[in-house]
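Each of the two complexes below includes chain A, the first together with chain B, the second together with chain C.
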Partner chain A sequence: MSTNGCNDEAMATNRSGAQRPNGAPQTKVCQFKLVLLGESAVGKSSLVLRFVKGQFHEYQESTIGAAFLTQTLCLDDTTVKFEIWDTAGQERYHSLAPMYYRGAQAAIVVYDITNQDTFGRAKNWVKELQRQASPSIVIALAGNKSDMAAKRMVEFDEAQAYADENGLLFMETSAKTAMNVNDIFLAIANKLPKSESGGGSAAGGARRLADGDQPRTSTCCK
Partner chain B sequence: MNEEALLARASEERERIFQRYERGRENLVGQIDPWEDPEFEDYHKTDRYGFIHDERLPRKTAPQKINVEVEREKKWVKMLASWDSPATKEKLHRRIYKGIPNSLRIKIWCKLLDVNRIKSDNPGKYQEMLKLAKIWSTDVRQIDSDVNRQFREHQFYRERYSEKQCSLFNVLCAYSMYNTEVGYCQGMSGLAGVLLMYMDEEDAFWALAILLSEKKYNMHGLYIEGFPKLTRFLEHHDKILTKFMPKLKFHFDKYGLDAILYSLKWYFVCFVERVPFSLCLRVWDIFLHDGERVITAMAYTILKLHKKAIMKLNDMDLIVNYIQVKLHKDFGYEDDIVIYNLERSMEELKRAKLDYPGLPPPNELPKRQLGVFIEPDKKSKIGQRAESFSDTEKHARATVILRREKAAVELQELRVSQSDTVSEHSTVAGVRCEDSLSVLGSRRSLADTSVTSTADLSVFSSGRSHAPENSLDTHSNISDDATGSDGSGICGLSIQRAMSTPRQTVHSTPRGSPHPSSVSPTSEDVVRIHVTYSPLAASPSHLRPVSPSKYKSYDVQKPTSLGFYATNGSTNTENTIRIQVPSEELLTPIVDSGRIITQRYIESHSGIYDIK
Partner chain C sequence: MDEEEDYKFASCTYFARNHPGETCGSNGLPLTPSSVTILGRAQRLLTIEHRNLCTYLDIIRGKHERIIVVAEVIGKSLAEHKSKFSIQEVISIGVQIANALCYLHQQGITHRALSDDNILIDSCGRVKLYNYGMYYMTDGGKEVPFPLGLPRYLSPETILNGAGPSADIWSFGIILLELCIGKLWSTLKPGPILRRILTLVHANNPAERIAREHDCYDSYKALPENIRDVIEKCLTIYPSERSTFSEILGVLKKINNQKPIDLKIPRGLLGCKLQYLYHWWQLAGGDIISELKRNGLIKNSPPILSMPVAILLDGCTIGGKKNALFDRRIAKYSLQILKNRLAHISPHDFYPLMHEKRKECDTVSLPKIIRERDTEYQFYRLLWFQRLLHGYPYTSQYIRAQAEVDIPPLVRGDVWAALLGVFGDIEDQYERIDKETPTPTDRQIDVDIPRCHQYCWLLCGRAGHRTLKRLLKAWLLTNPQYVYWQGLDSLTAPFLYLNFCNEARAFACLSAFVPKFLHKFFLKDNSAVIKEYLAKFWQITTFHEPELAAHLHDINFVPELFAIPWFLTMFSHVFPLHKIVHLWDALLVEGPQLPLFMGLGILRQLRDTLLDSGFNECILLFSDLPEIDIGECVKASIEMSRNTPRSISYRRFTNEPEIKDPMDVVEVPMEVLLAEICPRISLTDFFSLTCQEKCCVVDIRSNLLYEKSCIEGSINVPYSGVHLGQHELRALGLHPSKVLTNVIAQKKTVIVASAEDETAQLFSEYLVKCKVPRVCILHGGVSALQSHVPSLFTVPPKRNGHK
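Moving on to the complex of A and B:
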């Protein structure tokens, strides 16, 4: 639907902020659409599950189509709400991916450090995003399963060099041990522009603002 | 790596994977990665903090239920003996809807699918396909990775390389050779996984083959490149929603929720992991008997039964979570009741000629002869991805995007044209508005009556998370919520935001205005509530309903159930307004100057809200 983002105007009409009896001081609420892409079974859903629910399942069921989740992060002066699209990895579902990364402000392209092919596939995803997605999209590369370093097939330096060349954020993550999972989302949140205004003025704007009224306080650092 | 090396590597990988399944669990001692073979605890669960919870199932199967099942088994056994008789035909429908006894599913499902016929028509075919798969299948890696995570919490599948895991792997690999247009598509492991709970390997293979290519089920079109059948069925699903539940459709559109997001698994795996397994099996029973229209009707039934709850969720995240996660854990209705409703839905859709989206167009049907070997091309052998999308894929993508855009445009038009109400709009659109809220009758506002109090409206929110925000921005509610009745509404209470600067009244505000900024209140935390002053209502025992002047079609017998009481000057607290919401869930309109600002269900039972 519409693009969204930070909207200071939004705050003027934010109906909850000032009216909440226990209202915390107003912080800017920003919403960003984030999409996860990558080869099947590299751990996309596991990263999201770890980030959103703090859980890990060894046998995370395969994602059919796509899954949608949200999570809110608190930065110093801003609350960032991620609308996360977790996509299916099988090539058959590739044709649906553009509808998820369309209008996304951020993407995490995931590969499995124990599988060189998944890294090649990640590069293709990056290429596709650079060509097809919004030009300002923030892309992070996640080398997942870093807990299985004994079986490593993709060197850290190789991936880092690739990320630097392409202006990507890069971290090796482990959904299993939670290593760098919050960090990569946080790094994205920090890199996303939060001052642009008017992003939410399109058709879905009102809805987005209304959504922003309900930050998940439980996951919000106060 | 050159092409040859890549080919060699791919076939080596395939052989390695196959070998492991052939050897099976017993012969892989010490060779299974711990991460592939998580330990399972039969009766306990560990939460995220490390606490172990005892989550044993309650021993609650009522003895009479078991008796019923035993009685049914007897009848079914008898019926099985004369399966092709006219008597069976006559009884079958009714009995299927009552549910097949679990112990007999193994036989009945094979009967319903006519597995034996296709099996005896194709002797040796399954083994042949399996052998071919070992040499040629290009889907082995994907199948392996999905077998590793399919139904791992089920006894059959919990151990890596267990017998059933191996069967699942074999069935899917063999099928990927049998039907090369489909090969393997994620989702099929769920389908085959359920079949294998009730069938042996070869029967499950043929059952899968029937589900994909028999015209009663036609699942082939779901799984092939571009998912043409999914697109067609989702469009039909939207059509049903538009006709029977326009408000819900509006609600989904408002949050940008395309049906593909919440219902994909309904179509792809026939509700597996989307409704509780016991209910899922009941739907499968009927699906195997009546075919693909059951999916359409069940999708409609789920939304119909949960419409109210979904309408209360004001966030895409919450809606998706409700439909996909909550309903899987707890459907909220007994299986029998759901099935009863499913049957009614099927009749209802049939009357409206919406039970079936029509015969599949040729692009949804297998083009190649099934079970005939075709050597895969080099690219798929290596596992190389296509560089660009095929026309079918482009079409599929465009269709979904177009559908979203169309919905967005319609939403926009609706908001603009919504000069007064939605039901008006619905009439214009020729839509029967079954879930319209116009049952609420009288038009009356008490905006100018005597008691004025200022309050924080969050009192309304008790037990509900999103209500207060919505109720406060009158304008965006009018434009956002499709909740108007025909310009009328029960009143009893009206709410105005206290303004320190003059502003337009609700009457003169353009309804379609999508810009909330234009209604920005200057003093946001003060809300004025006007309630009739009622000197008689001095104490709760003298609670007096603020009666509307007339009732249109609302329950005239019980006017008290309408809701608001004024007890100004009650014994305990001066200047307190007590609002009592009666026990049944009812729709509570908030009215300003004769117009409904918002209507919502209040969940709490007999909630009493004191406003100071």
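Moving on to the complex of A and C:
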């Protein structure tokens, strides 16, 4: 079942890859749903914006409900396409969160290194994901705002120890300086099981890739 | 005199202080530029009106931290006045200055820079202080790199850096003394002047000592005793021993034998409010900055000349542009262009009467944005609204009727408040609310405010942040049933933006807005409210845009994914302020059902893209919403809203009285609402559509029941014979498909009447898939109608040639 799914993927890739001028036709495309969670104003939207558009806004507006963006990463032999759900941080929007992390293959739980409370909240998110999300989910912990290390309230070692204990990827990031932003997504991409992704995708990623890619390619050609 | 009248306002300009380097505040955000802080503080000055103060008209933020201050001017300054004043004139001038300063001190504003060049006097002897708010707007001079005030008017403690309001008394004393014995220290440079003032500290009677220094002791002594007395009470070394303005005013008024200057308000253009004149003048092409440039107050130097000589690693600069002193010159503006522009307007038009029939302008048909820039149109509108607002709350209905056409931007705050029914002693009510005590919500508010509409110079400054926080705290405290949901900040922002100096009114507007448009949205558990709202939105989308709705249903693109911020914040989180104001202009007039149609208006503008897109493309589109033509959206939404029977947009969670009449009821349990993609129509609405021949009933009961008794004019499509898989009207048979095709062409409403809810749901869904617009379900079905309006029923005629 899973191999079949991957074959489908590969075929889909070959088809669209041939139309792209710089696409390497032999690479396979894997699609993953990734969700960002964490207390409000820790920089979730900023991380996504930096990763997807390479931009940083000092006054990034608060996210209500959720925002959705996609970005593609190229590994050696695979193209990884992230469907990123950036969620609202305020505790009250918590009830909406399962809608977004349901079926996600990866999650980045973000906290602000200058604020201890946000680290506590991050731990709660990790717990919730371990309990509720799909068991194979890859979780990364991101200590954001590392450019403000002078005001640090969460020690690197403390977070690293916590991450090790829970089997999380961990990096300190800075959306402002772009430090470790691409790296954390890359690390997730590397850790995700590529062979299974097509069939294992609970969100039906493979199906969406098929109907999703078509219109975009056609607009390119117009 | 003529020359004087031509100039109504003037501007001056200066640079705000530059923050050294690119340092960040404690919250990690860049420090607010000084010019933004000044802009925020100066807003209050714009609201101050006093007959001895020049009204502030505008504060503009230019390039490179430049601030331009526009304010009223009259006559010329005391510095320009060469002739000597008589004692009576001096007293009259003194009374007026004291009057102004007394008022400022009551308002908690210290002048601190009173000097002979910012006291203006016209040919009738009327005195006004010009640009009296420099010290206030610059936060006590902290936000500017130059010292405030002219040296010879500074009190000793000001020079020693400890000035309070009583510094103004000293300056006032010096002004009086100068008016009596001539300019002081006119040959000295600033340094020696400051030294002279400081040596006065040892004098028993500084006034006498100054007079002696100027060889005027005799003429000083020759002054009437009561004047000397006033001067000496002002020129007291210790600030605490100085008189206050109310005391001085009392004394001066006693010895002033001149009648108060009673200026007749001129008729016509010059009799209009100064703020209006300034606004129209700008619309007519008046340009503040070009005049400043022409007068050399703004100089363009090549950028290389203002580059620093060196930049340290921490961002601090050395050399480069020197911090200049405050340029005390002003540029005066002539109203000539405005006069020319409005020359053809008859004097009669300046005084519109309520009962008069208003002549329609052609301009009304133009887009709002253009109307807002049309001098003549704004001239008529503003005068008319001024009239109407003057009579508020008795003119409410007229205001509403006019607001439906458009709202002049200059009075938008007033009009919104009127539309929301705000009146009474709102200041007092607001004053009573505790806006300071910390609460657990503060953290969330604190992190949200610096992200809320920060492109707006008013909202991004310290004053804006502080006021927004107070408003939110006050609202939460007075609405204990509600909690702070992110988005409430965005919702409050437009009210703050329009009532920046009238916090109480911003609060009153917010307090009136929420129950009307967002009833129960901010409950701790608001899921039912939001669910209902979104379900209704979805049904209305289906009603007006069946093809789009069917497509979005197909790809499972539900409004929960994108529309929550739309409705929770009434679009204030989605659009910039200049667009929100136009949306809300319409919202406030049309009422609480309009937002649903506005959401649809947005979808409609994206229609073609959405129809072509799959799930991911759709959601991407909404994460980064493309440019929406708000004017078009508003127009379309109003039209749709008015063309939609009220019961179609019925929601349970509103603040409106509960519907009791069974003819009007359309309420269904939440599960049913969520399951139905087409809205229900009430019997009343159905009846009125029938009377206007604007609907067509599709009766889906069995042929047998239909033949027995049916709704007059209805067609029968027995549900059992419909192939739900075939999404084509032709599949329904020749007659029904012909009738429905006609109905669609005539934009009539299609009403599905059935005996059971379930078949009605499925059949209406089928019609939607066939792209039939305006499909709804008759609430209660055929049987309800039969029991309430039996007269609508008949026995169908036998048709020939049909199966």
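One rule holds in what follows: the second predicted complex is superposed on the first by the 178 of 222 C-alpha atoms of A that agree within 3 Å, B and C clash if a C-alpha of one lies under 4 Å from a C-alpha of the other, contacts with A are read in each partner's own complex, and residues count from 1 in each chain.
By definition in this document, contacts are C-beta pairs under 8 Å (C-beta built on N, C-alpha and C of every residue); 3 or more make two chains touch, one makes a residue touch a chain.
The structure displayed is predicted, hence computed values, not measured ones.
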**Prompt:** Touching A:A122, do we find chain B (first), chain C (second), both, or neither?
**Reply:** neither
**Prompt:** If you stack the two complexes on chain A, which partner ends up touching A:V29: first (chain B), second (chain C), both, or neither?
**Reply:** neither
**Item:** Of chain B and chain C, the chain that contacts the larger number of chain A residues
**Value:** B
**Asked** For A:A140, is the partner it touches chain B (first), chain C (second), both, or none of the two (neither)?
**Response** neither
**Request:** Could you say whether A:G54 touches chain B, chain C, both of them, or neither, answering first, second, both or neither?
**Result:** first
**Message:** Looking at A:P98, would you say it contacts chain B, chain C, both, or neither? Reply first, second, both or neither.
**Reply:** first
**Asked** Who does A:V109 touch here: chain B (first), chain C (second), both, or neither?
**Response** neither
**Prompt:** After lining up the shared chain so the two structures overlap, which partner does A:A41 touch, if you call chain B first and chain C second: first, second, both or neither?
**Reply:** both
**Footprint overlap on chain A, where chain B in one structure and chain C in the other make contact** = 40-41, 58-70, 83, 88, 90, 92-93, 95-96, 99, 148, 211, 214
**Fill in**
chain B partner, complex, touching residues on chain A are 1, 9, 12-13, 15-16, 18-21, 40-41, 53-55, 58-70, 83, 88, 90-96, 98-99, 102, 117, 121, 124, 148, 176, 201, 203-207, 209-211, 213-214
**Request:** Please give the residue numbers of chain B that touch chain A in the complex, ascending.
**Result:** 35-36, 38, 48, 142, 145-146, 148-150, 152-153, 185-187, 189-190, 223, 225-227, 254-256, 260-261, 264-265, 268-269, 273, 314-317, 320-321, 324, 383, 385-386, 389, 393-394, 396-397, 400-401, 404, 408, 411-412, 456-458, 465-466, 468-470, 472-473, 476, 479-480, 514-517, 519-520, 524-525
**Message:** Quick check on the complex: what are the chain C residues that touch chain A?
**Reply:** 24, 26, 28-30, 444, 447-448, 450-452, 454-455, 460, 483-487, 489, 524, 527, 555, 560-562, 564-565, 568-569, 573, 612-617, 619-620, 622-624
**chain A - residues contacting chain C, complex** = 40-41, 58-70, 83, 88-90, 92-93, 95-96, 99, 114, 145, 148, 151, 208, 211-212, 214-216
